[in-house]
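In the two complexes below, subunit A is the common chain; its partner is subunit B in one and subunit C in the other.
Entry: the complex of A and B
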(Lines of atoms letter the chains of each structure in order from A and count residues from 1; the text may use other names and numbers.)
(Lines give C-alpha, C1' and ligand atoms only; values in the text may rest on other atoms or scores of the structure.)
Protein backbone atom coordinates (compact mmCIF):
# COMPACT_ATOMS: atom_id res chain seq x y z
CA UNK A 1 0.00 0.00 0.00
CA UNK A 2 2.67 2.45 1.06
CA UNK A 3 4.80 1.62 -1.94
CA UNK A 4 1.87 2.30 -4.30
CA UNK A 5 1.27 5.72 -2.73
CA UNK A 6 5.03 6.42 -2.89
CA UNK A 7 5.19 5.66 -6.60
CA UNK A 8 2.02 7.72 -7.17
CA UNK A 9 3.47 10.83 -5.50
CA UNK A 10 6.93 10.23 -6.98
CA UNK A 11 5.47 9.96 -10.49
CA UNK A 12 3.39 13.13 -10.04
CA UNK A 13 6.45 14.97 -8.69
CA UNK A 14 8.69 13.87 -11.58
CA UNK A 15 6.11 14.70 -14.26
CA UNK A 16 5.38 18.11 -12.72
CA UNK A 17 9.11 18.80 -12.34
CA UNK A 18 9.57 18.06 -16.04
CA UNK A 19 6.76 20.54 -16.65
CA UNK A 20 8.58 23.20 -14.60
CA UNK A 21 11.65 22.80 -16.79
CA UNK A 22 9.91 22.18 -20.10
CA UNK A 23 6.97 24.58 -20.21
CA UNK A 24 7.70 27.86 -21.97
CA UNK A 25 5.12 29.95 -20.14
CA UNK A 26 6.50 30.94 -16.70
CA UNK A 27 3.03 30.92 -15.11
CA UNK A 28 2.49 27.29 -16.13
CA UNK A 29 5.94 26.43 -14.81
CA UNK A 30 5.08 28.03 -11.46
CA UNK A 31 1.82 26.07 -11.24
CA UNK A 32 3.74 22.85 -11.99
CA UNK A 33 6.11 23.79 -9.18
CA UNK A 34 3.11 23.93 -6.83
CA UNK A 35 2.23 20.36 -7.83
CA UNK A 36 5.84 19.31 -7.17
CA UNK A 37 5.74 20.87 -3.69
CA UNK A 38 2.43 19.26 -2.77
CA UNK A 39 3.54 15.80 -3.92
CA UNK A 40 6.72 16.25 -1.86
CA UNK A 41 4.46 16.87 1.13
CA UNK A 42 2.84 13.49 0.44
CA UNK A 43 6.29 11.85 0.31
CA UNK A 44 7.22 13.46 3.65
CA UNK A 45 4.08 12.02 5.24
CA UNK A 46 5.14 8.58 3.96
CA UNK A 47 8.52 9.14 5.65
CA UNK A 48 6.73 9.66 9.00
CA UNK A 49 7.57 13.37 8.93
CA UNK A 50 4.17 15.09 8.91
CA UNK A 51 5.59 18.31 10.38
CA UNK A 52 7.89 18.68 7.38
CA UNK A 53 4.86 17.95 5.19
CA UNK A 54 2.84 20.72 6.87
CA UNK A 55 5.76 23.13 6.59
CA UNK A 56 6.20 22.09 2.95
CA UNK A 57 2.59 22.96 2.12
CA UNK A 58 2.53 26.17 4.15
CA UNK A 59 5.95 27.58 3.35
CA UNK A 60 6.76 26.23 -0.11
CA UNK A 61 3.37 25.69 -1.75
CA UNK A 62 1.82 28.58 0.20
CA UNK A 63 4.44 31.28 0.60
CA UNK A 64 7.46 30.71 -1.64
CA UNK A 65 5.30 29.94 -4.64
CA UNK A 66 3.20 33.08 -4.03
CA UNK A 67 6.47 35.00 -4.16
CA UNK A 68 7.39 33.32 -7.47
CA UNK A 69 4.00 34.11 -8.97
CA UNK A 70 4.18 37.71 -7.75
CA UNK A 71 7.64 38.16 -9.24
CA UNK A 72 6.27 36.81 -12.55
CA UNK A 73 3.39 39.30 -12.29
CA UNK A 74 5.67 42.21 -11.38
CA UNK A 75 8.24 41.57 -14.09
CA UNK A 76 5.83 40.03 -16.63
CA UNK A 77 8.54 38.12 -18.50
CA UNK A 78 7.77 37.23 -22.10
CA UNK A 79 7.01 33.59 -22.91
CA UNK A 80 10.37 31.88 -23.51
CA UNK A 81 10.93 31.47 -27.26
CA UNK A 82 13.75 28.95 -27.26
CA UNK A 83 17.36 29.88 -26.69
CA UNK A 84 18.10 31.21 -23.22
CA UNK A 85 18.85 34.83 -22.52
CA UNK A 86 22.41 34.05 -21.41
CA UNK A 87 24.92 32.58 -23.86
CA UNK A 88 26.62 30.39 -21.25
CA UNK A 89 23.32 29.27 -19.74
CA UNK A 90 23.59 25.61 -20.77
CA UNK A 91 27.09 24.88 -19.40
CA UNK A 92 26.13 26.73 -16.22
CA UNK A 93 22.97 24.63 -15.82
CA UNK A 94 25.01 21.47 -16.43
CA UNK A 95 27.45 22.53 -13.72
CA UNK A 96 24.65 23.11 -11.22
CA UNK A 97 23.00 19.79 -12.05
CA UNK A 98 26.35 18.02 -11.65
CA UNK A 99 26.96 19.64 -8.26
CA UNK A 100 23.44 18.64 -7.13
CA UNK A 101 23.98 15.06 -8.31
CA UNK A 102 27.28 14.81 -6.41
CA UNK A 103 25.59 16.19 -3.29
CA UNK A 104 22.69 13.74 -3.60
CA UNK A 105 25.03 10.75 -3.92
CA UNK A 106 27.19 11.95 -1.01
CA UNK A 107 24.21 12.45 1.30
CA UNK A 108 22.78 9.05 0.42
CA UNK A 109 26.19 7.40 0.90
CA UNK A 110 26.71 9.09 4.28
CA UNK A 111 23.21 8.14 5.47
CA UNK A 112 24.05 4.44 5.03
CA UNK A 113 27.03 4.69 7.40
CA UNK A 114 25.98 3.78 10.96
CA UNK A 115 28.25 6.45 12.45
CA UNK A 116 26.39 9.18 10.59
CA UNK A 117 23.15 8.36 12.44
CA UNK A 118 22.41 10.39 15.52
CA UNK A 119 20.27 9.40 18.46
CA UNK A 120 17.11 10.41 16.58
CA UNK A 121 16.65 7.41 14.32
CA UNK A 122 13.45 7.06 12.26
CA UNK A 123 12.16 4.56 14.82
CA UNK A 124 12.60 7.03 17.71
CA UNK A 125 10.95 9.81 15.73
CA UNK A 126 8.05 7.55 14.74
CA UNK A 127 7.56 6.61 18.38
CA UNK A 128 7.76 10.13 19.87
CA UNK A 129 6.04 11.92 17.01
CA UNK A 130 8.00 14.22 14.75
CA UNK A 131 6.23 17.44 15.79
CA UNK A 132 7.20 16.67 19.38
CA UNK A 133 10.82 15.94 18.42
CA UNK A 134 11.13 19.11 16.34
CA UNK A 135 9.38 21.22 18.95
CA UNK A 136 11.41 19.89 21.87
CA UNK A 137 14.66 20.65 20.03
CA UNK A 138 13.46 24.02 18.75
CA UNK A 139 12.26 25.36 22.11
CA UNK A 140 15.24 24.15 24.18
CA UNK A 141 18.56 23.52 22.41
CA UNK A 142 17.84 25.80 19.46
CA UNK A 143 16.09 28.55 21.40
CA UNK A 144 18.51 31.29 20.35
CA UNK A 145 18.26 30.52 16.61
CA UNK A 146 14.48 30.39 17.03
CA UNK A 147 14.35 33.83 18.64
CA UNK A 148 16.80 35.18 16.08
CA UNK A 149 14.43 33.99 13.35
CA UNK A 150 11.98 36.61 14.58
CA UNK A 151 14.70 39.26 14.23
CA UNK A 152 15.38 38.04 10.69
CA UNK A 153 11.67 38.28 9.88
CA UNK A 154 11.60 41.78 11.41
CA UNK A 155 14.48 42.87 9.17
CA UNK A 156 12.62 41.47 6.17
CA UNK A 157 9.42 43.33 7.15
CA UNK A 158 11.29 46.64 7.51
CA UNK A 159 13.16 45.98 4.27
CA UNK A 160 10.03 45.40 2.21
CA UNK A 161 8.39 48.56 3.61
CA UNK A 162 11.47 50.62 2.79
CA UNK A 163 11.59 49.18 -0.74
CA UNK A 164 7.88 49.34 -1.56
CA UNK A 165 7.02 52.65 0.12
CA UNK A 166 9.95 54.60 -1.32
CA UNK A 167 8.68 57.54 -3.30
CA UNK B 1 2.34 6.99 11.09
CA UNK B 2 1.47 7.47 7.43
CA UNK B 3 -1.72 5.36 7.82
CA UNK B 4 -3.24 8.15 9.92
CA UNK B 5 -3.15 10.37 6.86
CA UNK B 6 -5.14 8.00 4.62
CA UNK B 7 -8.36 10.03 5.10
CA UNK B 8 -6.57 13.10 3.67
CA UNK B 9 -5.41 11.07 0.67
CA UNK B 10 -8.96 9.76 0.24
CA UNK B 11 -10.27 13.34 0.38
CA UNK B 12 -7.76 14.48 -2.25
CA UNK B 13 -8.83 11.62 -4.54
CA UNK B 14 -12.54 12.41 -4.02
CA UNK B 15 -11.98 16.14 -4.66
CA UNK B 16 -10.07 15.51 -7.90
CA UNK B 17 -12.65 12.91 -8.96
CA UNK B 18 -15.57 15.24 -8.21
CA UNK B 19 -14.00 18.15 -10.09
CA UNK B 20 -13.17 15.96 -13.10
CA UNK B 21 -16.63 14.37 -13.10
CA UNK B 22 -18.35 17.78 -12.91
CA UNK B 23 -16.33 19.05 -15.88
CA UNK B 24 -16.83 15.90 -17.97
CA UNK B 25 -20.57 15.58 -17.26
CA UNK B 26 -21.27 19.26 -18.03
CA UNK B 27 -19.18 19.03 -21.20
CA UNK B 28 -21.15 15.97 -22.39
CA UNK B 29 -24.69 16.88 -21.33
CA UNK B 30 -24.72 20.70 -21.50
CA UNK B 31 -26.40 22.38 -24.51
CA UNK B 32 -24.15 24.63 -26.61
CA UNK B 33 -25.73 27.69 -28.23
CA UNK B 34 -22.94 30.25 -28.33
CA UNK B 35 -23.48 33.91 -29.18
CA UNK B 36 -21.04 36.85 -28.92
CA UNK B 37 -22.34 37.98 -25.50
CA UNK B 38 -21.95 34.51 -24.02
CA UNK B 39 -18.44 34.13 -25.43
CA UNK B 40 -17.20 37.43 -23.97
CA UNK B 41 -14.80 36.98 -21.05
CA UNK B 42 -17.19 38.62 -18.55
CA UNK B 43 -20.79 38.00 -19.50
CA UNK B 44 -22.90 41.01 -18.42
CA UNK B 45 -19.66 42.65 -17.30
CA UNK B 46 -17.49 45.39 -18.69
CA UNK B 47 -15.55 44.54 -21.86
CA UNK B 48 -11.87 43.92 -21.13
CA UNK B 49 -9.33 46.46 -22.35
CA UNK B 50 -5.64 45.94 -23.01
CA UNK B 51 -3.69 42.78 -22.33
CA UNK B 52 -3.72 40.87 -19.05
CA UNK B 53 0.03 40.29 -19.53
CA UNK B 54 1.12 43.61 -18.14
CA UNK B 55 3.27 44.50 -15.21
CA UNK B 56 1.46 44.66 -11.87
CA UNK B 57 2.00 47.44 -9.32
CA UNK B 58 4.80 46.92 -6.80
CA UNK B 59 2.21 47.42 -4.03
CA UNK B 60 1.07 43.82 -4.47
CA UNK B 61 4.63 42.74 -3.68
CA UNK B 62 4.30 44.35 -0.26
CA UNK B 63 1.15 42.35 0.41
CA UNK B 64 2.81 39.12 -0.78
CA UNK B 65 5.96 39.50 1.30
CA UNK B 66 4.04 40.48 4.42
CA UNK B 67 1.87 37.39 3.96
CA UNK B 68 4.95 35.18 3.61
CA UNK B 69 6.58 36.58 6.75
CA UNK B 70 3.53 36.06 8.94
CA UNK B 71 2.98 32.65 7.31
CA UNK B 72 6.45 31.59 8.45
CA UNK B 73 5.62 32.84 11.93
CA UNK B 74 2.56 30.55 11.99
CA UNK B 75 4.69 27.48 11.16
CA UNK B 76 6.62 28.07 14.39
CA UNK B 77 3.35 28.25 16.31
CA UNK B 78 2.41 24.69 15.28
CA UNK B 79 5.05 22.72 17.27
CA UNK B 80 4.74 25.25 20.07
CA UNK B 81 0.98 24.66 20.34
CA UNK B 82 1.51 20.87 20.29
CA UNK B 83 4.11 21.05 23.08
CA UNK B 84 2.43 23.87 25.04
CA UNK B 85 1.66 21.84 28.19
CA UNK B 86 5.14 20.31 28.35
CA UNK B 87 6.93 23.63 27.86
CA UNK B 88 4.91 25.39 30.54
CA UNK B 89 5.60 28.98 31.52
CA UNK B 90 9.07 28.90 29.90
CA UNK B 91 7.51 28.12 26.54
CA UNK B 92 4.98 30.90 26.98
CA UNK B 93 7.76 33.44 27.65
CA UNK B 94 9.79 32.12 24.69
CA UNK B 95 6.87 32.60 22.34
CA UNK B 96 6.00 35.98 23.90
CA UNK B 97 9.50 37.26 23.05
CA UNK B 98 9.20 35.85 19.53
CA UNK B 99 5.81 37.48 18.98
CA UNK B 100 6.90 40.76 20.64
CA UNK B 101 9.79 41.17 18.18
CA UNK B 102 7.47 40.50 15.24
CA UNK B 103 4.86 42.83 16.73
CA UNK B 104 7.44 45.63 16.44
CA UNK B 105 7.50 44.91 12.71
CA UNK B 106 3.69 44.81 12.58
CA UNK B 107 3.40 48.19 14.31
CA UNK B 108 6.09 49.57 12.00
CA UNK B 109 4.17 48.45 8.91
CA UNK B 110 0.97 49.89 10.36
CA UNK B 111 2.51 53.28 11.22
CA UNK B 112 4.22 53.50 7.83
CA UNK B 113 0.84 52.92 6.15
CA UNK B 114 1.75 49.50 4.76
CA UNK B 115 -1.87 48.37 5.08
CA UNK B 116 -3.23 51.45 3.28
CA UNK B 117 -3.87 51.36 -0.45
CA UNK B 118 -2.97 54.93 -1.32
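Entry: the complex of A and C
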Protein backbone atom coordinates (compact mmCIF):
# COMPACT_ATOMS: atom_id res chain seq x y z
CA UNK A 1 0.00 0.00 0.00
CA UNK A 2 2.72 2.45 1.03
CA UNK A 3 4.74 1.74 -2.09
CA UNK A 4 1.73 2.50 -4.31
CA UNK A 5 1.24 5.84 -2.56
CA UNK A 6 4.96 6.53 -2.95
CA UNK A 7 4.93 5.89 -6.69
CA UNK A 8 1.75 7.95 -7.08
CA UNK A 9 3.23 11.00 -5.36
CA UNK A 10 6.60 10.46 -7.04
CA UNK A 11 4.99 10.38 -10.49
CA UNK A 12 2.96 13.52 -9.76
CA UNK A 13 6.07 15.30 -8.47
CA UNK A 14 8.21 14.37 -11.48
CA UNK A 15 5.54 15.29 -14.05
CA UNK A 16 4.82 18.61 -12.33
CA UNK A 17 8.57 19.31 -12.05
CA UNK A 18 8.92 18.77 -15.79
CA UNK A 19 6.04 21.23 -16.15
CA UNK A 20 7.90 23.84 -14.09
CA UNK A 21 10.95 23.49 -16.31
CA UNK A 22 9.14 23.06 -19.63
CA UNK A 23 6.18 25.42 -19.64
CA UNK A 24 6.70 28.79 -21.31
CA UNK A 25 4.22 30.78 -19.24
CA UNK A 26 5.55 31.57 -15.73
CA UNK A 27 2.04 31.42 -14.23
CA UNK A 28 1.63 27.81 -15.37
CA UNK A 29 5.12 27.06 -14.06
CA UNK A 30 4.14 28.47 -10.66
CA UNK A 31 1.00 26.32 -10.58
CA UNK A 32 3.07 23.24 -11.44
CA UNK A 33 5.43 24.20 -8.63
CA UNK A 34 2.46 24.23 -6.23
CA UNK A 35 1.65 20.66 -7.31
CA UNK A 36 5.27 19.64 -6.69
CA UNK A 37 5.21 21.17 -3.20
CA UNK A 38 1.95 19.47 -2.22
CA UNK A 39 3.08 16.08 -3.51
CA UNK A 40 6.30 16.52 -1.51
CA UNK A 41 4.14 17.13 1.56
CA UNK A 42 2.47 13.80 0.83
CA UNK A 43 5.85 12.10 0.65
CA UNK A 44 6.82 13.64 4.00
CA UNK A 45 3.68 12.22 5.59
CA UNK A 46 4.67 8.86 4.12
CA UNK A 47 8.07 9.28 5.80
CA UNK A 48 6.28 9.83 9.14
CA UNK A 49 7.33 13.50 9.30
CA UNK A 50 3.95 15.24 9.58
CA UNK A 51 5.43 18.43 11.04
CA UNK A 52 7.70 18.86 8.02
CA UNK A 53 4.73 18.13 5.75
CA UNK A 54 2.65 20.88 7.35
CA UNK A 55 5.59 23.29 7.30
CA UNK A 56 6.11 22.44 3.63
CA UNK A 57 2.52 23.32 2.75
CA UNK A 58 2.52 26.48 4.87
CA UNK A 59 5.91 27.89 3.90
CA UNK A 60 6.50 26.61 0.37
CA UNK A 61 3.00 26.23 -1.04
CA UNK A 62 1.75 29.13 1.07
CA UNK A 63 4.31 31.88 1.53
CA UNK A 64 6.95 31.27 -1.14
CA UNK A 65 4.55 30.44 -3.95
CA UNK A 66 2.33 33.42 -3.14
CA UNK A 67 5.43 35.61 -3.36
CA UNK A 68 6.27 34.11 -6.76
CA UNK A 69 2.76 34.62 -8.12
CA UNK A 70 2.71 38.13 -6.70
CA UNK A 71 5.94 39.06 -8.48
CA UNK A 72 4.75 37.42 -11.72
CA UNK A 73 1.58 39.53 -11.58
CA UNK A 74 3.57 42.65 -10.66
CA UNK A 75 6.06 42.31 -13.50
CA UNK A 76 3.83 40.49 -16.03
CA UNK A 77 6.97 39.25 -17.78
CA UNK A 78 6.67 38.33 -21.44
CA UNK A 79 6.26 34.65 -22.19
CA UNK A 80 9.66 33.03 -22.36
CA UNK A 81 10.67 32.43 -25.96
CA UNK A 82 13.33 29.94 -25.00
CA UNK A 83 15.87 31.41 -27.40
CA UNK A 84 19.14 31.86 -25.57
CA UNK A 85 21.97 34.12 -26.56
CA UNK A 86 24.21 31.09 -26.88
CA UNK A 87 23.32 28.62 -29.61
CA UNK A 88 25.15 25.69 -28.07
CA UNK A 89 23.70 26.29 -24.62
CA UNK A 90 20.86 23.80 -24.88
CA UNK A 91 22.83 20.70 -25.92
CA UNK A 92 25.63 21.59 -23.52
CA UNK A 93 23.25 22.07 -20.59
CA UNK A 94 21.33 18.87 -21.36
CA UNK A 95 24.62 16.98 -21.67
CA UNK A 96 25.94 18.24 -18.35
CA UNK A 97 22.68 17.61 -16.52
CA UNK A 98 22.37 14.16 -18.09
CA UNK A 99 25.84 13.32 -16.81
CA UNK A 100 24.92 14.73 -13.38
CA UNK A 101 21.70 12.70 -13.24
CA UNK A 102 23.45 9.47 -14.28
CA UNK A 103 26.17 10.03 -11.70
CA UNK A 104 23.73 10.85 -8.90
CA UNK A 105 21.40 7.96 -9.60
CA UNK A 106 24.22 5.43 -10.10
CA UNK A 107 26.13 6.46 -6.99
CA UNK A 108 23.01 6.58 -4.84
CA UNK A 109 21.66 3.30 -6.20
CA UNK A 110 24.93 1.47 -5.64
CA UNK A 111 25.73 3.06 -2.28
CA UNK A 112 25.50 0.84 0.76
CA UNK A 113 23.74 3.10 3.22
CA UNK A 114 24.03 2.70 6.97
CA UNK A 115 21.14 1.04 8.70
CA UNK A 116 19.11 2.53 11.53
CA UNK A 117 21.22 4.31 14.14
CA UNK A 118 18.69 6.01 16.37
CA UNK A 119 15.59 4.90 18.16
CA UNK A 120 13.00 7.10 16.47
CA UNK A 121 10.90 4.51 14.72
CA UNK A 122 7.61 5.71 13.21
CA UNK A 123 5.82 4.22 16.23
CA UNK A 124 7.88 6.32 18.65
CA UNK A 125 7.26 9.44 16.55
CA UNK A 126 3.54 8.69 16.43
CA UNK A 127 3.48 8.25 20.18
CA UNK A 128 5.54 11.32 21.13
CA UNK A 129 4.39 13.52 18.28
CA UNK A 130 6.60 14.79 15.47
CA UNK A 131 6.40 18.40 16.65
CA UNK A 132 7.69 17.45 20.08
CA UNK A 133 10.51 15.32 18.68
CA UNK A 134 11.68 18.02 16.25
CA UNK A 135 11.16 20.79 18.79
CA UNK A 136 13.20 19.03 21.47
CA UNK A 137 16.12 18.61 19.05
CA UNK A 138 15.75 22.17 17.75
CA UNK A 139 15.91 23.76 21.20
CA UNK A 140 18.70 21.60 22.61
CA UNK A 141 21.31 20.28 20.16
CA UNK A 142 20.47 22.76 17.40
CA UNK A 143 19.81 25.87 19.47
CA UNK A 144 22.66 27.91 17.92
CA UNK A 145 21.68 27.22 14.28
CA UNK A 146 18.07 27.98 15.24
CA UNK A 147 19.04 31.36 16.69
CA UNK A 148 21.22 32.03 13.64
CA UNK A 149 18.19 31.63 11.39
CA UNK A 150 16.50 34.49 13.22
CA UNK A 151 19.54 36.65 12.47
CA UNK A 152 19.37 35.49 8.84
CA UNK A 153 15.70 36.47 8.62
CA UNK A 154 16.50 39.89 10.08
CA UNK A 155 19.24 40.38 7.47
CA UNK A 156 16.82 39.30 4.75
CA UNK A 157 14.15 41.75 5.94
CA UNK A 158 16.61 44.65 6.01
CA UNK A 159 18.04 43.63 2.64
CA UNK A 160 14.64 43.43 0.97
CA UNK A 161 13.64 46.86 2.27
CA UNK A 162 16.90 48.37 1.02
CA UNK A 163 16.47 46.70 -2.38
CA UNK A 164 12.81 47.54 -2.80
CA UNK A 165 12.70 51.17 -1.71
CA UNK A 166 12.70 53.87 -4.32
CA UNK A 167 15.88 55.85 -4.52
CA UNK B 1 9.90 1.13 0.51
CA UNK B 2 13.58 1.79 1.22
CA UNK B 3 15.70 4.90 1.55
CA UNK B 4 16.89 4.28 -2.01
CA UNK B 5 13.44 5.01 -3.40
CA UNK B 6 13.47 8.44 -1.82
CA UNK B 7 17.04 9.48 -2.57
CA UNK B 8 16.77 8.41 -6.21
CA UNK B 9 13.54 10.38 -6.57
CA UNK B 10 15.40 13.24 -4.92
CA UNK B 11 18.27 12.89 -7.42
CA UNK B 12 15.84 12.90 -10.38
CA UNK B 13 14.07 16.04 -9.15
CA UNK B 14 17.40 17.74 -8.43
CA UNK B 15 18.47 17.05 -12.02
CA UNK B 16 15.20 18.41 -13.41
CA UNK B 17 15.76 21.57 -11.37
CA UNK B 18 19.31 21.85 -12.71
CA UNK B 19 17.97 21.62 -16.28
CA UNK B 20 15.64 24.51 -15.50
CA UNK B 21 18.41 26.70 -14.12
CA UNK B 22 20.68 26.05 -17.10
CA UNK B 23 18.13 26.25 -19.90
CA UNK B 24 15.50 28.84 -19.08
CA UNK B 25 15.97 32.54 -19.78
CA UNK B 26 13.34 33.88 -17.42
CA UNK B 27 14.86 34.55 -13.96
CA UNK B 28 11.54 33.79 -12.25
CA UNK B 29 11.47 30.28 -13.70
CA UNK B 30 15.17 29.82 -12.94
CA UNK B 31 14.32 30.75 -9.38
CA UNK B 32 11.49 28.22 -9.28
CA UNK B 33 13.94 25.60 -10.51
CA UNK B 34 16.28 26.49 -7.65
CA UNK B 35 13.37 25.97 -5.25
CA UNK B 36 12.82 22.60 -6.88
CA UNK B 37 16.44 21.66 -6.23
CA UNK B 38 16.19 22.78 -2.60
CA UNK B 39 13.07 20.67 -2.20
CA UNK B 40 14.79 17.65 -3.68
CA UNK B 41 17.54 17.99 -1.08
CA UNK B 42 14.90 18.32 1.65
CA UNK B 43 13.35 15.07 0.50
CA UNK B 44 16.70 13.31 0.78
CA UNK B 45 17.16 14.73 4.30
CA UNK B 46 13.75 13.54 5.49
CA UNK B 47 14.31 10.16 3.84
CA UNK B 48 17.59 9.66 5.68
CA UNK B 49 15.99 10.93 8.88
CA UNK B 50 13.27 8.30 8.57
CA UNK B 51 15.47 5.35 7.70
CA UNK B 52 18.34 6.16 10.08
CA UNK B 53 15.66 6.80 12.72
CA UNK B 54 17.30 10.07 13.75
CA UNK B 55 15.55 13.42 14.04
CA UNK B 56 18.50 15.47 12.75
CA UNK B 57 17.39 15.35 9.11
CA UNK B 58 14.08 16.95 9.96
CA UNK B 59 15.82 19.72 11.91
CA UNK B 60 18.02 20.44 8.87
CA UNK B 61 14.93 20.61 6.67
CA UNK B 62 13.39 23.10 9.08
CA UNK B 63 16.51 25.29 8.82
CA UNK B 64 16.56 24.93 5.01
CA UNK B 65 12.92 26.08 4.90
CA UNK B 66 13.92 29.27 6.71
CA UNK B 67 16.90 29.86 4.44
CA UNK B 68 14.74 29.25 1.36
CA UNK B 69 12.15 31.76 2.55
CA UNK B 70 14.84 34.41 3.12
CA UNK B 71 16.46 33.61 -0.20
CA UNK B 72 13.21 33.93 -2.14
CA UNK B 73 12.40 37.26 -0.50
CA UNK B 74 15.81 38.74 -1.34
CA UNK B 75 15.98 37.17 -4.81
CA UNK B 76 12.54 38.36 -5.86
CA UNK B 77 13.36 41.84 -4.56
CA UNK B 78 16.48 41.82 -6.76
CA UNK B 79 14.40 40.74 -9.77
CA UNK B 80 11.88 43.51 -9.11
CA UNK B 81 14.73 46.03 -8.79
CA UNK B 82 16.23 44.86 -12.10
CA UNK B 83 12.84 45.10 -13.77
CA UNK B 84 12.41 48.65 -12.49
CA UNK B 85 15.82 49.68 -13.78
CA UNK B 86 15.64 48.00 -17.19
CA UNK B 87 11.99 47.16 -17.98
CA UNK B 88 13.00 43.63 -18.79
CA UNK B 89 13.59 40.39 -16.96
CA UNK B 90 15.73 38.45 -19.43
CA UNK B 91 18.92 37.10 -17.88
CA UNK B 92 20.81 37.60 -21.14
CA UNK B 93 20.29 41.36 -20.89
CA UNK B 94 21.70 41.49 -17.36
CA UNK B 95 25.24 40.45 -18.18
CA UNK B 96 27.07 43.66 -17.21
CA UNK B 97 29.13 41.89 -14.57
CA UNK B 98 30.41 39.34 -17.06
CA UNK B 99 34.19 39.46 -17.08
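Note that in this section the second predicted complex is superposed on the first by the 119 of 167 C-alpha atoms of A that agree within 3 Å, B and C clash if a C-alpha of one lies under 4 Å from a C-alpha of the other, contacts with A are read in each partner's own complex, and residues count from 1 in each chain.
By definition in this document, a contact is a pair of C-beta atoms (placed from the backbone, for glycine too) under 8 Å apart; a residue touches a chain by one contact, two chains touch by 3 or more.
The structure displayed is predicted, hence computed values, not measured ones.
By the touch criterion defined above, A:160 reaches both subunit B and subunit C.
Judged by the touch definition given at the top, the superposed model places A:2 against both subunit B and subunit C. Shared-chain residue A:149: touches subunit B and subunit C both. Once the two complexes are overlaid on the shared chain, A:87 sits clear of subunit B and of subunit C alike. Set against each other, subunit B and subunit C differ in how many residues of subunit A they touch, and the higher count belongs to C.
In the superposition on chain A, contact is made by A:50 with subunit B only, not with subunit C. Using the contact criterion defined above for the overlaid structures, shared-chain residue A:134 touches subunit B and also reaches subunit C. In the superposition on chain A, A:63 makes contact with both subunit B and subunit C. Contacts of A:20 after superposition on the shared chain: subunit C is touched, whereas subunit B is not. Subunit A residues in contact with subunit B (one complex) as well as with subunit C (other complex) are 2, 46, 48, 51, 55, 59, 63-64, 67, 74-75, 134, 136, 138, 146, 149, 153, 156-157, 160, 164.
Only residues 2-3, 6, 10, 13-14, 17-18, 20-21, 26, 29-30, 33, 36-37, 40, 43-44, 46-49, 51-52, 55-56, 59-60, 63-64, 67-68, 71-72, 74-75, 77, 80-85, 89-90, 93-94, 96-97, 100-101, 104-105, 108-109, 113-122, 130, 133-134, 136-138, 141-142, 145-146, 149, 152-153, 155-157, 159-160, 163-164 of subunit A touch subunit C when the two sit together in their complex. Those residues of subunit B that touch subunit A in the shared complex are 1-2, 5, 9, 53-56, 58-62, 64-69, 71-76, 78-80, 82-83, 86-87, 91, 94, 97-99, 101-102, 104-106, 108-109, 112-114. Of all the residues in subunit A, the ones that touch subunit B in their complex are 2, 5, 42, 45-46, 48, 50-51, 54-55, 58-59, 62-64, 66-67, 70, 73-76, 126, 131-132, 134-136, 138-139, 143, 146-147, 149-151, 153-154, 156-158, 160-161, 164-165.
Against subunit A, the residues of subunit C that register as touching in their complex are 1, 3-9, 11-20, 22-26, 28-29, 31-33, 35-36, 39, 42-43, 46-56, 58-59, 61-63, 65-74, 76-81, 83, 89, 92.
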